[in-house]
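First chain written, first letter: the chains are A, B and C, and each begins at residue 1.
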Amino acid sequence: MHMPKFAGIRRMAARIQEAKGAPRWILYVGVGIVVFFIILAIFAPLIAPYGFDQVSSDGMRFPKQASPSSDHLFGTTVQSTDVLSRTIWGARTAIEVVVLSVIFSIAIGVPLGLVSGYIGGKLDRGLVLIMDALFAFPYLLLAIVVAFLLTDKLNDFFLSNLFGAGIVTAAVAITVVYIPQYFRVVRNHVISVREEPYVEAARALGAKRRTIIGRYIFYNVIQNVPALATLNAADAILTLAALGFLGYGIQPTEAAEWGYDISRAIDDVGAGIWWTGVFPGMAIVLLVTGFTLVGEGLNDVLNPLIRYRRIRKPKIPAAQGQEAS
Amino acid sequence: MSDAPMQAQQPAAGAESEPVLTVRNLRAWYGTMGDPVRAVDGVSIDLRAGETVGLVGESGCGKSTLGRAIMGLLPDGAAVAGEVRYRGRDLVGLPQRDLRSLRGPDLGLVFQEPMTRLDPLVTIEDHFLETLRAHEPDTDTDEMRRRSLAALAGMGIPPTRFKQYPHEFSGGMRQRIMIALALALNPKVVIADEPTTALDVIVEAQILQILADLRRNFDAALLLITHNLGIVAETCDRVAVMYAGQIVEEGPAREVFTEPAHPYTRELLRSTISLSTTGLHYIPGAPPSLVDPPSACRFHPRCPNAMEVCARKDPIEMTPGAEEGRPREGRVLCWLHGPADEIPPGGERPLERGEIALAEEA
Amino acid sequence: MEQAASIGSEPRAALGETLLQVRDLRTLFSVRGSFLDRLRGRESGSVKAVDRVSFDLRRGEVLGLVGESGSGKTTLGRTLLGLVDASGGSVKLDGQEITGLGEGAFRPLRRRLQIVFQDPHASLNPAMTIGEAVADPLRIHGITGDREQARTRVAGALERVGLQPASQFMDKYPTDLSGGQKQRAVLARAIILDPDVLIADEPVSMLDMSVRAKILELMIDLKRELDLTYVYITHDLATAKFFCDRIAIMYLGKIVEIGPADEIYADPKHPYTVSLLKAIPEPDPSRAVPRDLPRGEVPDAVTPPLGCSFHPRCPRAFEVCGWESRDLRALLEARWTRMPEAEYRAEREVIGSLEPLDEPAMSAVLEPASGHAPREVLELIHRLRADAPDDPFWKGVAEVRERGGAVAIRFHDGLEPRDVEAGRSRLECHLYDPEALAAAERARNAQRSNDRPSSDRGVAK
């Protein structure tokens, strides 16, 4: 009993390799940026000069609100923490939260979309109603509500031990916001695919529902998911930053978070202290841009509808008489 | 719609009159990520007033592309070279604006899927009025309505239905509306691209009847593009057979069907299944890729009569039967018809080639 | 290259026992009316896609189901396979009733009943290789054994359908294959379970001419080698001629004629069959386009014509075929289509609304428009008749009289066609039904005796 050899994924990889021109560069630049941040995230303990809440080293307390110098490349904050370190540790937070939330969203949204689209009927109508309601809800408000409700409730959750309760809370809050998108995209695609002759052929062969969904429909409807996931990731960074800015989700004692840093930096601006806000802000902008470029690049390469192919008009060489003799 | 053929512009329609549209060495290539697709690769053909020419070939031979190339309706990624002469002008390379003003009053086009070409929000009558207004703005409205009604009635659409919308008509009626629209401005050239392929056989016969009557009542030159040989036999004066982007044979329908000059035509006729055929025939192999067609004669890998020269030298267009001193009307692109003096020594030996691999069978 | 496979040259498999017995099968689809219709309270209709179909399928034969779009042939095929639920009637496979079986109970039967669809480009899962696609039926029914065995079986099936060498095709995706090759792969998938019955729904109509013959020949070979029984669904009587032993002609959900193939072609009886045969284009330039085609098109299936559904188009219809008000409208419209505009307008003015004629009924009332007298309407009807007195429509008119300020037209009672035998075929046509002919005779006599003392200018005989 072997699964089809990931045909859909193989085809996607092939198309990525074939891509030429602008979409390819967009994709590569985006991937470069994201990989850079992932490296920062994974190797934070090695790269960051100090801990995210470290205020002293070798017994000496760090200066307060010091401008960038050789000791503190990005300066320090009003709490004497090193901005560079916090920015790097913030990358780890961001990547963890976003990866978790994307995985959760896909794990819930895609199967629901598959089942709802194929089975239809009351189940479908009910789910669509719920998803549309979630989708219509102002997303930030939704994230805040969920984060608020879950604060301190997830302390025993197994993932919390791995990542920290605050991170998981933030991830779940963001997940809820994005599930409807995966659901919708997959469901709509399933509805069009289920009328295809090859699906009917599978029924005629006697395939059970789960076989049809799993082998005949699944691989044909997930083409849009990777692009969607990266675009959602970009959005999720912003949502996370917003949550942190407003003080929800991640507690400052648990981890560094860019949004939180920016909220702390607002007071500094009036005093001409720019480094506490600019660096976390730039980090957000860069990472979001990176994910967006990957998403758009993938879209251009994989999605035939909006793929702008670089097709050049061929040059027809001069005729060699094929006329009547 | 007049009953008597309009003779005012042309001398008596027939083989002697000047063609309305001449195509010379037309090539239309589509750009791709790799090598271009040579959909039309050197086609010449004449269309004469009052004459119906059937352009026949299987899928992928380039016939639809030819129709569109003549009309200037190819997408951006396609390049066109050659000449299409209409009333002294070369349509190839003409700016779209000029082409647009020609489409309608001079060049009419009938497509395969009428539903996608009619605006679902506009009544049938209004379709006509719009077209007439756009191209003949000086006609007064009553006259326009009268002409529209007459055109539609001529197609068998009852006047009680003029104010209905396209979706209220069946497929066959919509196709009649399309034909009426195409003829409304009295174009000199009409190109019909698979007009009956999507229709049932009885409705198809009805439409063919209309097209056959067209020959008598209009003086438009009609190019009927189709893969169905039966249709061509019933409605066309002349027939041109296309294979791999080239016209391999052309001539009066009667002669081409009873005495095909080109082996492909012959094999195609034999593989057509109709009520009177008694055995299943087919052509081995598959139609060639238009990106990299076979060398010299493109049919040589599948031709039962292939000779050595067919794989080496491009065939020369000849008049069938000329070599034997009994020239017939028409032309054929095949070494079987000579010229003998162009064939190198030994070139007439049957071509040796392996059995067409089963893996290459269509 | 020639492969002769003409009729009669190959031995017909002995027609064995009845494999499939279909009695009075019905499949209805409900059709939701347009938004406007529902606002106006018009009920949504239902379409009788399959309307009381009965036939037997015997082992080893090829039965053709021939019809145009809307005939129900495709729905019939799907109903036999359980892909669409039957709304009534019975289908027995080897004596076992299969309508109404749940999916679980039907599943084992699917090994015996397989289908090949029309569009080779869409019948194969784009995400599976050919090898996986052809192996899937084995996996679904749990007969794989080990990988090697499965692979051998798949290779065997591929080679059998002409995809040789099998190893070259196993790992290809459908997009790498041509139309003919795809259809072969679909056939391989269908035969790998060694089914008894193969339903082929337009298997070659989307293929080029030169490829059609190859696939048809393959199907003939498979029938011989694997002892298959086919139901061949098509709109193309020409290809059906090669392939089929018996042919059933379908029109609007009913089988209007069914009989041995040679009889259908040599001596077609139902007027629809006759016109289908005439309409097939022949690559013979000396043959002109047939002039006596039935008028009009296949009618709307939601409200089919009364009586015999073919009567509005039938050149030989007569008294009892089910004449109704909509036929009158059609006739009027045909007349107006041929007239110059001014005359049309003059005539159109005389009648009020034509909408009442759209309600199917065996009588019609034409009200004159305001400012016009019923007499004018009557004159119009007479002119209509004088135009084409031989139109079958007039046989159906029993009486035309002025009544209550309008003109009432009564048609003869229409009868539903019965299943009758003619030659070696079965038909649903009044022309061959002695009872219907007798009823028509009675109606004619009644009309004659009614006509004599008529006071109005009724229909002259």
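We adopt the following convention: contacts are C-beta pairs under 8 Å (C-beta built on N, C-alpha and C of every residue); 3 or more make two chains touch, one makes a residue touch a chain.
These figures come from a predicted structure and were not determined experimentally.
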Chain pair, B-C or A-B, that carries the greater number of C-beta contacts: B-C
Chain of greatest Cα-centre distance to subunit B: A
Between subunit A and subunit C, centroid-to-centroid distance (C-alpha), Å: 54
Distance between the centres, which are taken as Cα means, of subunit C and subunit B, whole angstrom: 32
For subunit A paired with subunit B, centre-to-centre distance based on mean C-alpha positions, whole Å: 53
Footprint of subunit A on subunit C - complex, ascending: 81, 83, 106-108, 110-111, 114-115, 117-119, 122-129, 132, 136-137, 139-141, 144, 147, 173, 186, 189
Touching residues on subunit C, where the partner in the complex is subunit B: 1-7, 68-69, 162-165, 168-169, 178-181, 207-214, 216-217, 235-239, 241-242, 265, 275-291, 293-294, 297-298, 333-334, 336-341, 344, 348, 354
Subunit A - residues contacting subunit C, complex: 1-2, 4-5, 7-8, 196-198, 200-208, 211, 215-216, 219-220
List of subunit B residues in touch with subunit A within their complex: 24-25, 27, 29-33, 36, 42, 44, 76-82, 246, 314, 316-318, 331, 333, 339
Residues of subunit A touching subunit B in the complex: 18, 20, 309-316, 319-325
